[in-house]
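Read through the structures below before going on.
Common to both upcoming complexes is chain A, partnered first by chain B, then by chain C.
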Partner chain A sequence: MSERKTGVYLCSGCGIGEAVPMAALEGVARTEYKLEPKTHACLCGDEGVEMIRADIAAGVNQVVVAACSARVMTDRFAFEPVLTLRADLREKVIWSHPAGDEDTAALAEDSLRMALAAAPKVKFPEPWIEGDYSQRIAVLGGGVTGLNAAREAAALGHDVLLIERSDRLGGRARDASLRLPHRPPYDKPEANHIEDLVAAVTAEPRIVVRLGATVTRTGGMPGKFAVTLSDGSVEDVGAIVIATGWRPYDAGKLGHLGYGVPGVVTNVQFEAMLKAGAPKAASGKPVKSVAFVQCAGSRDPEHLPYCSSTCCATSLKQALELLQADPAANCYVLYEELRTPGVAEELYRAAQRAGVIFIKGKVKGVDADLTVHVADALVQQDVPLKGLDMVVLATGMVPNSTDPDAAPVEYGADLLKGDVDPEAAIKVAGFCGEAPAAPERRAQAVPPGGPLLNLQYRQGPHLPVLHDGFADSHYICFPYETRRTGIYTCGPVRRPMDWAEAEEDAQGAVLKAVQAVRAAAAGSALHPRVGDLSFPKIGLNQCTKCRRCTVECPFGAIDEDEKEYPQVNPTRCRRCGTCMGACPVRTISFDNYSVEYLTTQIKAVKIPDEFSGKPRILVIACENDAVPALDQAGIKRNSWSAHVRVLPVRCLGSVSLLCISDALSVGYDGVMLMGCKPGDDYQCHFVKGSAMAAERLSKVGETLKSMMLEPERVVQVDASIADADRLPGVIDGFVEQIMGIGFNPFKGF
Partner chain B sequence: MTESTSRSRTILVVGGGISGITAAVEAAEAGHDVVLVERSPTLGGRVAQMNRYFPKLCHPTCGLEINYQRIKKSKRIKVFTMASVASVKGAPGGYAVTVRTRPRYVRPNCTACGDCGRAATTEVANPFNYGLDKVKAAHLPHPMAFPMRYVIDPAVAATAEGRAIEAACPVGAVNLDDAEGSFELEVGAVVWATGWRPYPADKLTAYRWSEMANVVTNVEMERLASPDGPTKGRIVRPSDGAVPKKVALIQCAGSRDLNHLAYCSRICCLASMKHAAYVREQIADAQVDVYYIDLRAHDKLESFVQRVKRDPQVRFVKSKPARIEAGAGDNPVVCGENTLTREVYAEPYDLVVLATGMQAATAEGEVPVFAPDLDDYGFIFPESGAIAAGVASGPLDVSMSVQSATAAALKAIRAVSA
Partner chain C sequence: MSHVPTPTQTYDLSFARWVYGHVDGGDRLALCMQCGTCSGSCPLGPQMDFGPRKLFMMIRAGLKDQVLGSNTIWNCVSCYNCVVRCPRQVPVKHILQSLATVAVREGYPGARETDNARFAKAFWWSAAKYGRTDERLVTAKFYFSYGLSKGYRKSMANLAIAKGMVKARRMHLGLPHKCKNAGELKLILARAAEIEARHGDAS
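Then we have the complex of A and B:
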């Protein structure tokens, strides 16, 4: 970069000029930072923006805008590749603090100082782009989901490597009869046309199909994955779509529902019978009277705690198929809750019209003569259902998030301990808190087996899984997010789902894979910091090989080289800065973000001496939720102490303990970390950032004691984006608490 | 849809709720130009009006914030608010679209400083809170509005108050001459992300929502529980502001009913579990009764139902109530027969919440989707000629809507790339 020439622009609009003395702000830039500021009454207007553009044309190569929050007018003040730093004078200053007040003026000045001081520490990032990138997409699994994924990726112009472990494509659909209705009027089972799908994929020249193949190891990173197959061949791919589907729950564990008795079959077995023609009873005669037992293993704390979503509709479909062939047949559906969401309700009606008999109740057992004992909820007594010649157990879906045929791998198994305990009490005041019922026994969350991809990652070979062993996202708004960048799951390995949903899911996952290969080649970040070109740089001359960065990265982006130095895989990185926060020697930094960038801002604030009676409190706030909440507090004109200085950070995970000790050593009286909720229902967009911050903070007490400071001076609070009315009180309470402790004795040193 | 036009690679997304936003950013981040058209003054749609999401009880604005940042950073997305699609002509690869705009009376140079709001005196029903409270005629739709721009109610535009509002704006952003207009777009694909509306509760005459203040709908309950709602998040009886101690949640209010919505709206059971959580979080001694036909919770959401079921103060009654009667003290009385015990009940409650279902916006003929692409309920069905994202394709929860919208983005990209 040529010599840095920073332009400073102050906005006096939106009441800023009336609330705080602009001359004093100009003085800060001029005398303290030797920069000549320009003030405009409406900087975001065309005239203001043109003024900045003209200066850039004349050589300004860095812009500091002191106006509104960085969250608004983002597009107006974007002058890429010139980097813009923003100092908020509006939402978190004049809108939340009294006008004409000396403390508000001091707050505004410090806000400007923080941006001016930080400016020399950052630059517009240069992306990491090195060597060749593959645009090819690997799809693991050749069933309905995988076939659709392969076809969609090819249609978007990508070469595809389709890997199927068995010797044929088509997956479970090959053995299935009709599929669930997905066309109006949604009341008839439909032909599944799996052969056509297989033929289309086989005929597509962009798709290379590898049958009888599994992945023995996967190294590299998005854009540069090297996938080794079971025959030893190594394939380069840019992104990976996992579509390994499901396996039926082990019916061998359903002896209490009669499995093992001749004539008791699973829905998967019955499906194959329907495909083969008229199902035959144990006697060899066509089946005349069938009971479908719903939730066979699902919604059962002893087996699968979740609802497998598709079994109700599948039983209705199977009953309808049987009745289609033999209208005189008797079909009973034994259920606790009948679940046909959405337009699948029409299938339920069709089954009722066709004469299927529905009995609400729990099945207690099945006799050797196929008599089914039901605790009928309507008549409220046990009823024997006699004369059946077949019992179909509607077994649920177990996700193939592991390879059942591969040896379980212990290394990295910690990743498979669900990050989420779905049975944990809902943690809100008063709700369920005192529920007397003992927590139900948790079934094993992760299906047994080895890793699907055998990832050569420092954090282990498995894909992280969440609820109930599914390789799903924990985000409601971002269902495709995974902790292994460039690797996306779809279909029943992600969530129990039917055929039509799996088709759509494959499309969604393929689009994410396409984005991943594009972003990798451009050196650009993916969600949630889309477009960020920075990446972590590690100063190995200072590195102590402590491995904290490799362990704490929520995305497994950092491995260790043969000398045990950390090795960043930039395209795996999501730019949260957790590595930076983890590093005890502050040698990890980004072009546009670093420990120094943060501590410089911390130190730029003027700390009044204790005789002024004015404390200084640092609030380190997550820019994803806490900062927007504070902005909204400003919009609502909620007020909090003007003695507080807010330092926005990418994620609390990026906050080094050194930031905190630096703050205390320069005289701040207290430090509050404000970030997203950690724990089971974490809301951190980087998964573990706020949890990591909490973990680090738990060790700060000793440091503070060694500095002869009270541990209460540093706290972490959970903030949600909806806390605009709550946070001002939280902040003021902390200020009060700090005043109770007294001023920081380091002040003035 | 026969007239052919020149080919375009731009994707039009109709509707700026979570599905439309998702379709737009996912397509843009795959390298495509997108025009996003939203008919209200702000993006966010129905989810912006939700207090929290099930099952995490997290806040919808959290994900919206991330998505708004994605839009702000993208150079490929153009957003038009207060705009709706009037007509679409052409075929995949080349559509001519007429977009109709309503007047906002505020120009894009609005800084959201709020001076116009302070100058306004008239108050109008607040659409963000389903009319449960009022806002100034010049207002920011809500603190998380995107774009962060004020809007002026047409009622004051041509009045002296309008002129006072105009005079108050320090940056000349008020434009009282703003009028309805239209513009043309050429696009290669159209994604319908037109979403849903709550099934009109006034059609459920036996439940007397129109007459009884203390019978509210599930979407109104979201506003009552929200910090930005009419009660600042305190759940109270609309009739007298009292804290309800006994609350009924009535499932399938309009859904699974051939006289109303024949289908299951999928999300209402779980929304009611969330409402039970809201009530129990705020009101320690409250009793909540859930009236249901089947409790429907797909996949892992089952654990959310089980967690609520563990609360001894939440009771489940298998029954579809026949009617609601007026009781003493403005208490609605829920009447019906318990399907399991055959008991006939008439239970008075402080507050009754109707779990009304989702009706497709495309069902009412307001959206110019090609009619053969719609099923009997007004949903755009798969394999029709149209591309649907989210609830336009069927009743879905948020996560499934986002999944559907991501798939829709891919379908649109295929259409413009063909």
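Then we have the complex of A and C:
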């Protein structure tokens, strides 16, 4: 980069000019930073933007805009490849603090100082683009989900490698009779056209099908995955869609519901009987009287703790099929809570109309003569259900997140020996007000079998699991993601779902995969920092091989080379900066983000001496939820203490403890980390970032004590996007708490 | 009306299916989802052996004797709260009254002994005979259905009310009023009975 020439632009519009003295702001730039600012009454208007463009044409190569929040007018103040820094004077300053007040003016000045001080520390990022990128998408699993995913990817113009473990396409749908309704009026079982889908996929020239194949190892990164198949061939793919579906819960464990008694079958076995023709009882006669036992091994802490969401509708469908063949048949559905999500309610109505009898109550046992004992909750008595020909156990879905035929791999034990356990339950660190109890660690059980992809990642061969074998993801905002960038799950392996849902799920995951291969080739980040071209750069000459970055990266982006130095796989990276926050020697940085970039801003704030009676509180706020919530609070004109300075960060995971110790040593009286909720029901957009921050903060107390500082000066609070009304109170509560403790004794040193 | 089947075990569906097919409104009974809105809405609920919700489930469970012997079917006052509120449009009131008729036919003791059953009988006697209800005759018939001494006591207990009604010209002391053409009324009722019998058999 040639000589840095920074243009400073102040906006006096939106009431900024009336609320704070613009001359003082101009003075800050002029005297403290030796930069000549330009003030405009409407900087985002054509005239203002043209003014900036003219300066850029005349040689300005970095722009500082002090106007509204960095979250608005991003398109107006985008002058790529010139980097724009934003200082917020509006949402978090004049809209949330009284006009004309000296504290508000000081806040505005500090906001400008932070941006001006940070400007020399950053540059417009140069993306990492190296070698060839594959645009091909691998789809694992040739069932309904996989077939739809393959077809969708091909329709979007991508070559597809469809890998199926068995020797035929179609998956479990091949063994099913009719399918659940998916068209209005959603009230009857519909024809199973799986053959048509298989034929369409087979006829598509972009799709290469590999039957009888499994993946033995997967190396590389998005855009550059090398997938080794069981026949030894190696395929280059850009992204991977996992559509391996489900396996039925092991009915062998359901002896208490009579499994093992002749005539007691699972819903999967009954489905096959329906496909083969009229189901026959043990006597050889057609089935006349059937009881469907719902939640067989589901929503049961001893078995599957979750609801598979489709077993109820499946039993309704099977009962309707039976009644269609023989309207005089007796069908009983024994349920505890019948769950018919969405349009499946119509199927429930249809089943009622057809005469299916629904009995609410717990099944207490099944006799050898197929008498089912139910604690009938509706007639409030224990009822024996006699004269049945068949009992169908509606078992749930277990995700195929492992390959049942492959040998299990020791996961974690020696791979992570001596390291920080990335799966450990997160302690709740400092908290303003009532601290919630630490969540209990949930079962992380992976279904029996070996890893699906056998990832050659430092963090192990499996996709990280949230619980019960389902892949970990921020499933509200990014449903298809896994914690391995470029690898997406869809269909029942992601969560239990039916055929129609799996079709939509396949489309969603494929769109993410397409985005992944295209972003990888452009050197750009994926969600939530879509378009970010920066990537972590590690100064290996300072690296102490402590391996914290390789262990703590939520996405396994950093491997270790032969010499145990960290090795970044840039397209796996999501740019959260958790590695940067982890690095004890601060040698990990991004072109446009670094520890120095943060500490410079912290130090740029003017700290008043204790005789002024004014504290300074630093709020390090996550850009994903906390900053938007504070902006929203400003928009709603909610007010909070003007003694607070907000420092936006990519993720709390990127906050180095150095930021906190620097803040306290320059005289801030308190530091609040404001970010997404950590823990098992986390809201962190980078999965582990806020949890890592909490983990680090739990160790900061001792350090503070050794500095003769009160540990209560540093807290972490949860913020969600909807907290605009709550956060001002939280901040003010913290300020009050700090005032109770007293001023920081390091002030003025 | 066809023969009412008697189930041999719980959830023998013969009785439920007969009710679905033969009772007024029974065709919608299959759609009852046991939400309990009817029982929760019923002003007479506390006086019933059990509410309509449970009654309907007992029909499915084949508990014929408990259903037809219950006072639930006699305590309905036709306020229509349940009918208006039922999310599945089950005509609860119609079903209860129709079941009461079945209970009378099948000779269930509750059908003769409850207050409501006795009153309904007295009311019908007057209406069918005169085409009108006469307060004195209906109450007398109702009170004395409990026997002579009990009927006398009940009559005396309500004497003050009767006097007040006469004074307010709400009850007259002459011969009972009759509708015109009582003979035609008889024909109408005979025809209705004929239709009812046929209706029961046809469905």
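Simple rule for what comes next: the second predicted complex is superposed on the first by the 703 of 749 C-alpha atoms of A that agree within 3 Å, B and C clash if a C-alpha of one lies under 4 Å from a C-alpha of the other, contacts with A are read in each partner's own complex, and residues count from 1 in each chain.
Criterion: a contact is a pair of C-beta atoms (placed from the backbone, for glycine too) under 8 Å apart; a residue touches a chain by one contact, two chains touch by 3 or more.
Predicted model, so just to flag it, every value in this text is computed and none were measured.
Trainee: Kindly say whether there is room for both chain B and chain C on chain A in the superposition, answering fit or clash.
Mentor: These partners clash in the superposed model.
Trainee: Quick one: chain B or chain C, who's touching more of chain A?
Mentor: Result: the larger residue contact count on chain A belongs to B.
Trainee: According to the stated criteria, A:G15 is in contact with first (chain B), second (chain C), both, or neither; which is it?
Mentor: first
Trainee: Tell me which partner A:P479 touches in the superposition: chain B (first), chain C (second), both or neither.
Mentor: first
Trainee: Would you check which partner chain A:A722 touches, where first means chain B only, second means chain C only, and both and neither mean what they say?
Mentor: A:A722: touches chain B, not chain C.
Trainee: A:T39 in the overlay: touching chain B, chain C, both, or neither? Say first, second, both or neither.
Mentor: neither
Trainee: Once the shared chain is lined up, is A:L378 touching chain B (first), chain C (second), both, or neither of them?
Mentor: Touch partners of A:L378: chain B and chain C.
Trainee: Considering only touches as defined above, state whether A:D625 meets chain B (first), chain C (second), both or neither.
Mentor: first
Trainee: Is there a shared patch on chain A that both chain B and chain C touch, and which residues make it up?
Mentor: Of chain A, residues 349, 378, 380 contact chain B in one complex and chain C in the other.
Trainee: Which residues, counting only chain A, touch chain C once they are in their complex?
Mentor: Contacts found on chain A: 330, 332, 349, 352-353, 355, 357-360, 376, 378-380, 383-387.
Trainee: Can you name the residues of chain C that touch chain A in the complex?
Mentor: For this pair, the touching residues of chain C are 9-13, 16-17, 20, 30-34, 53-54, 57-58, 60-61, 63.
Trainee: Which residues of chain B touch chain A in the complex?
Mentor: Interface residues on chain B, with respect to chain A: 18, 25-26, 29-31, 51, 53, 56-67, 69-70, 72-74, 109, 111-113, 140, 143-144, 148, 170-171, 226-228, 232-233, 256, 262-266, 277, 280-284, 294-303, 306-308, 310-312, 318, 339-341, 375-377, 379, 381-383, 394-396, 398-400, 402-404, 406-407, 409-411, 413-414, 417.
Trainee: Help me check something: in the complex, which residues belonging to chain A touch chain B?
Mentor: Checking each residue of chain A against chain B gives 13-15, 41-42, 44-46, 68, 71-75, 152, 155-157, 182-186, 299, 305-309, 337-346, 349, 377-378, 380, 422-423, 425-426, 428-432, 435-437, 440, 467-468, 470, 472, 474-480, 495-497, 500-501, 503-505, 507-508, 510-512, 514-515, 518-519, 527-528, 530-531, 624-625, 628, 632, 635-636, 676-677, 681, 683, 685, 720-726.
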